[in-house]
Amino acid sequence: MKRQINVGLIGHKFMGKAHSHALRDLPMFFDPGVEPVMKTLCGVGDDLDETARRYGWLSTTQRWQDVIEDPAIDAVSILTPGKLHCEIALAAAANGKHILCEKPLALNSAEAARMYAAAAAAGICHMVNFNYRRVPAVALAKQLIDEGRLGAIYHFQCSYQQDWPLDPACPYIWRFDKTVAGAGSMADKGSHVVDLARYLAGEFAEVSAATEIFVRERQQRAVTTDDAAVFTVRFESGALGLFLTSRMSAGHKNSLAFEVNGSRGSLAWNLERLNELQVYEAGGSVAGFRNVMVTESSHPYAAAWWPAGHVLGWEHTFIHQYYEFLKGIAEQRQPAPSFLDGLRNHQVLDSIERAAAEKRWIEVPQMKEANA
Amino acid sequence: MKRQINVGLIGHKFMGKAHSHALRDLPMFFDPGVEPVMKTLCGVGDDLDETARRYGWLSTTQRWQDVIEDPAIDAVSILTPGKLHCEIALAAAANGKHILCEKPLALNSAEAARMYAAAAAAGICHMVNFNYRRVPAVALAKQLIDEGRLGAIYHFQCSYQQDWPLDPACPYIWRFDKTVAGAGSMADKGSHVVDLARYLAGEFAEVSAATEIFVRERQQRAVTTDDAAVFTVRFESGALGLFLTSRMSAGHKNSLAFEVNGSRGSLAWNLERLNELQVYEAGGSVAGFRNVMVTESSHPYAAAWWPAGHVLGWEHTFIHQYYEFLKGIAEQRQPAPSFLDGLRNHQVLDSIERAAAEKRWIEVPQMKEANA
Amino acid sequence: MKRQINVGLIGHKFMGKAHSHALRDLPMFFDPGVEPVMKTLCGVGDDLDETARRYGWLSTTQRWQDVIEDPAIDAVSILTPGKLHCEIALAAAANGKHILCEKPLALNSAEAARMYAAAAAAGICHMVNFNYRRVPAVALAKQLIDEGRLGAIYHFQCSYQQDWPLDPACPYIWRFDKTVAGAGSMADKGSHVVDLARYLAGEFAEVSAATEIFVRERQQRAVTTDDAAVFTVRFESGALGLFLTSRMSAGHKNSLAFEVNGSRGSLAWNLERLNELQVYEAGGSVAGFRNVMVTESSHPYAAAWWPAGHVLGWEHTFIHQYYEFLKGIAEQRQPAPSFLDGLRNHQVLDSIERAAAEKRWIEVPQMKEANA
Amino acid sequence: MKRQINVGLIGHKFMGKAHSHALRDLPMFFDPGVEPVMKTLCGVGDDLDETARRYGWLSTTQRWQDVIEDPAIDAVSILTPGKLHCEIALAAAANGKHILCEKPLALNSAEAARMYAAAAAAGICHMVNFNYRRVPAVALAKQLIDEGRLGAIYHFQCSYQQDWPLDPACPYIWRFDKTVAGAGSMADKGSHVVDLARYLAGEFAEVSAATEIFVRERQQRAVTTDDAAVFTVRFESGALGLFLTSRMSAGHKNSLAFEVNGSRGSLAWNLERLNELQVYEAGGSVAGFRNVMVTESSHPYAAAWWPAGHVLGWEHTFIHQYYEFLKGIAEQRQPAPSFLDGLRNHQVLDSIERAAAEKRWIEVPQMKEANA
């Protein structure tokens, strides 16, 4: 009988659904060496109990402290608004709970640094849910890069575009308010593109940026978060990077795309066609980008699912992420991306913000490993 | 409290996994008006109990009769090899169980006719698992056609291509043996393309066909099932149809694709990009096929899942199919595609086989509704 | 100084423009070993002289006999309506003129056979303008197949779709009248798809077919030519073929597309993206169709044009065709596709017509080389 | 009889071929109101006379002054290396010749300003050959934007990627030497992307940039021009821009691509598929990017060519450009893009260079119309 890991989930809305689903589905497909138990769902609202029942949670609470203080809980997932991440994580670490935290890790680098220090000191497994690392095609991209099949990386192009508030009549929500959301496209999309860049192209050396608000008033309230941002990067390796995040890019529903170009080849990927990886390897007279369906049993995560050619969806990334998290717990080693990745991500985001404000290139500080 | 529907699943391999997953996931996303209970998993093999535990079944048995005869069971899903479908379905109907049967419904039209008659007489809900009707993009295609946005249908082009046994060294399996599998590409792929054609373009009037075995011997055993088939169709509406099924189409892993052309527009779709529907509507000077991401809350099934732009995978079709099946049970009306659809599908397949054998066009008989 | 070849062009409308352009452009890019001189343009209409001047012809005539009988003319191009092809070609052959004839070669196999016999007897260079063989990507496809990179051919899928008369209000023209046009989609599109099939997949053994007229009356006149045709083929090699020709396929302007699948790989191409060839070669774990831009100097015809990545258009096929024709004249050897190819093409088309009429598979007769 | 315009072409290599072809082809398809005569080809090399004969030039010279001073010459095209542009253009303007100059207009803004002033003072037609404005799909994009169908522009994303020197063993040529070429990817590609941006999204307000040399030594000589550049832009309208130019982007042969996103829709285009424009217009529940084949007679330039669906190639842009140039001469009005566009282009490029050097955002100066 495998060791059981009692999980508490703090947050029960959109992300709560995605995480619950991941925990519910995981044992059907993966064996991380431990068995997750859906112990406690924490949330606020009349629908909490009904939601917990439908999702399969054994108990509920409206106080996150109950989760943290429950000695039966082994691991917590933090899905709350960003302003609570730090406080909850510090408490959880103090209580020795393993932590999977939604991204961005915190409100800023300072908070993230405290969280990372606490987690490292507590000796727990800590992870930030940059789930797109767990798309099979993205994991394959990483593998091909690590094998050297692209050679030295020259550029990394990445954009994350949506258009949900394109209509100026789109109702005012918290995401338009800087005091609540921190930022606009840079908050929810920026951290994803920065993580993919760090994962595939390495650490950032310096950045330049600009942001813009295209619709400055909605429902007679001022919009104070960016609708879009562009930023350019010099990586430590010398590679150049080019980024766009936008919530006002007409026709794009959830288009997270990258292209990475190296001395021997290129790779391209788009979340809207997440099962496909475009691969170019230089050489020969009939060369070209080839469209690889990343569903073969030899591809990352794919063997656990269906036969070749049977495509996966967005939500599977969460299942893979929990698999990595639980495997880390089972094998008593730190899974990636860790809180250190979350911290470095914030350091980049902070630098981008400064670069935009000061209208010049800014060097990105490099926090080293806690025990280094 | 919703009425509970106890389900028995007969078959626990590839399809057993897909169906189990569908039943397990469904309550998180859909409310068909009844609540499925994963009562009994029936299968043969040492891994049955462990599988049942991982998938979430309450009990197991190695005899399908136990499922059929269990008074607590309300509905059964038949996922066995085709040669058992008829016997099990007749027994299940006799015992008043609702039935979801894998496709093709039976071994031939004669069996299918008996199954349909029995199911209709028993007054149960009966359904064949032509799951691709439940891809949101395919359901949207159906909706657009029904709304008349394509006008009269002129042609229906459809192919289902894979390449798993492309290598002549691919080991001999039961699918190469006509006495066991009945047919090759026509058996597993033919019924799917015929169902999509009937769903989107209407009933078949007459067919012509040819089949071929490209690798005639594998591991020193004769291959007796078709590697590929081509067939052409005249629909009752006067539309022309064009079909290819092949397991030897290099580069295609699971490529089920159609294009339907009408007097006002066209639609195109491919299972390998299942969240997208290509839509052409005639008119204007900047017309063209547009690529619709079928993930909007206004699109079929999509509202139950994630925000726009978050793509679904292959397995979701099974969840949607169970939703339709259970809703039929809840509302006491016959879901589609029914055993009559399964029967008509067989009548087309039988006609295709005859057309290939007799090298001429063959009229497809039209079985009418049982009570008509 | 290179030998000059005086050319006479019979026909001055759409095809006359394309051919004139080819002759005018050719010397800038290719050296076939002789130098074409644009001697005489033959046509009917008030615009003939002005057209000749703009296109660069030295003289004009309204009688095709003047061209055939002019001792200074070395080669003639026949671009008239199909009903004149045979008479003009026989006269041209009798006068020892080399002939480039528009496709389809004649009205039927009988005429084509007479034309081929006359041309072969006269010892002239004779060619049918199946210009799509001369798209660099198509010529590369042929090369890859001949090199064995696809292995044995299993299927050839091909369609030629347009939608110009989709609107039922499209005015009645000669193409709707069987007594004038011979056929509809099968006449202008059928000969092209059959030629590509013969070029890439080899000779036809037997065919089955169906045709349909979707709009049976236009401007109160009966439409008597097919709007669309579907046909299936067994090639002599055992490969299966699948074809659609349609002038009523909404959204397709000039979509001539094929896919050829073999034991080691597949190729796909579409005239609307004529510079690209999709190439799949089996093997490896990151396989996929790769999109080859066929503009490298190592690719057929490409070195004569621009640097890699600079795409060609539709009209370039005519230039390449004249290059092959003139090179044949210069080197005193028969260029391809010859009148024998034109004849075999008609034999296939005639068989398709019979197959549709008799509703059964028809064997395609195989005319052999004239001197065989 | 139309007025004849005697043209002199200075430069006879790659661009000489493209321009000669344009002049030779133009009268077959377009009537600009005057008739170009291919009077004099100026170049250096043993192949000049043979080249002139093949291209159709009446005379040749090895001295550009001969062209400028020939009273019979009405218009000159300057295709020399950039360092000669200014001197030749000033002389040509002084002699009252109309001028079509290759891009970039000069070596820097200062030269460009002198050229613009001289041309404006001379009252001649002056044009820079930013030929991609003349791709029908790009011209259609401009038209749709001008009609307001995209609403306010929010972002303009543009990249120009090639990979010809990807191999470090690629021989050292003049393009790697800053003293000769001025810049690397920014020189030949930067001016194109800046022109498309100005054409479609308006004037630049400020820029930030970074450049990189990835292969620093070739054949034991130092490479001193940029392999790639990234730059970001704030347009005067408030739109954000994002640019990449690279000659080291594996798999890209001649990939010039843009996407423009506005408040009501988006457009996307790629030179490698130059006949296609992706158009997204917000609204409706089956919205998506639609792929418009820009070959309809209602589309810019297309009516002059072939029926709908017959695609054009790269070289056609030069024909369209000469059509605009000659029409300007015929109608005595200034064609676009003029030397003022060439000057503004340089001002942007100069600002980009400064921004990269100073590592901060730089305001782009705005030269106004000469007579403003």
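Note that the chains take the letters A, B, C and D in the order they are written out, and that residue 1 is the start of every chain.
The rule is short, and it goes like this: a residue touches a chain if its C-beta (ideal position, glycine included) is under 8 Å from a C-beta of that chain, and two chains touch if they have at least 3 such contacts.
Just so we're clear, the structure is a prediction, and the values are computed from it rather than from any experiment.
Comparing chain pairs A-B and B-C, the larger number of C-beta contacts belongs to B-C.
Of all chains, the one whose Cα centroid sits at the greatest distance from that of subunit B is D.
Separation between the centroids of subunit B and subunit C, computed from CA atoms only, is 41 Å.
Mean C-alpha position of subunit A lies 36 Å from that of subunit B.
Shown for subunit C are the residues that touch two or more other chains, namely 252, 280, 287-289, 293, 296. Residues of subunit D that touch subunit C in their complex: 14, 17-18, 20-21, 24-25, 27-28, 54-56, 162, 164, 252-255, 271-275, 293, 295-296, 305-316. Residue ranges of subunit A in contact with subunit D, taken from their complex: 150, 152, 154-155, 157, 159, 161, 163, 166-168, 208-210, 212, 214, 227-232, 234, 238-244, 246, 248-252, 261-266, 280, 282, 287-289, 359-361.
Subunit C meets subunit A in the complex at residues 140, 144, 277, 279-280, 285-293, 296, 298-299.
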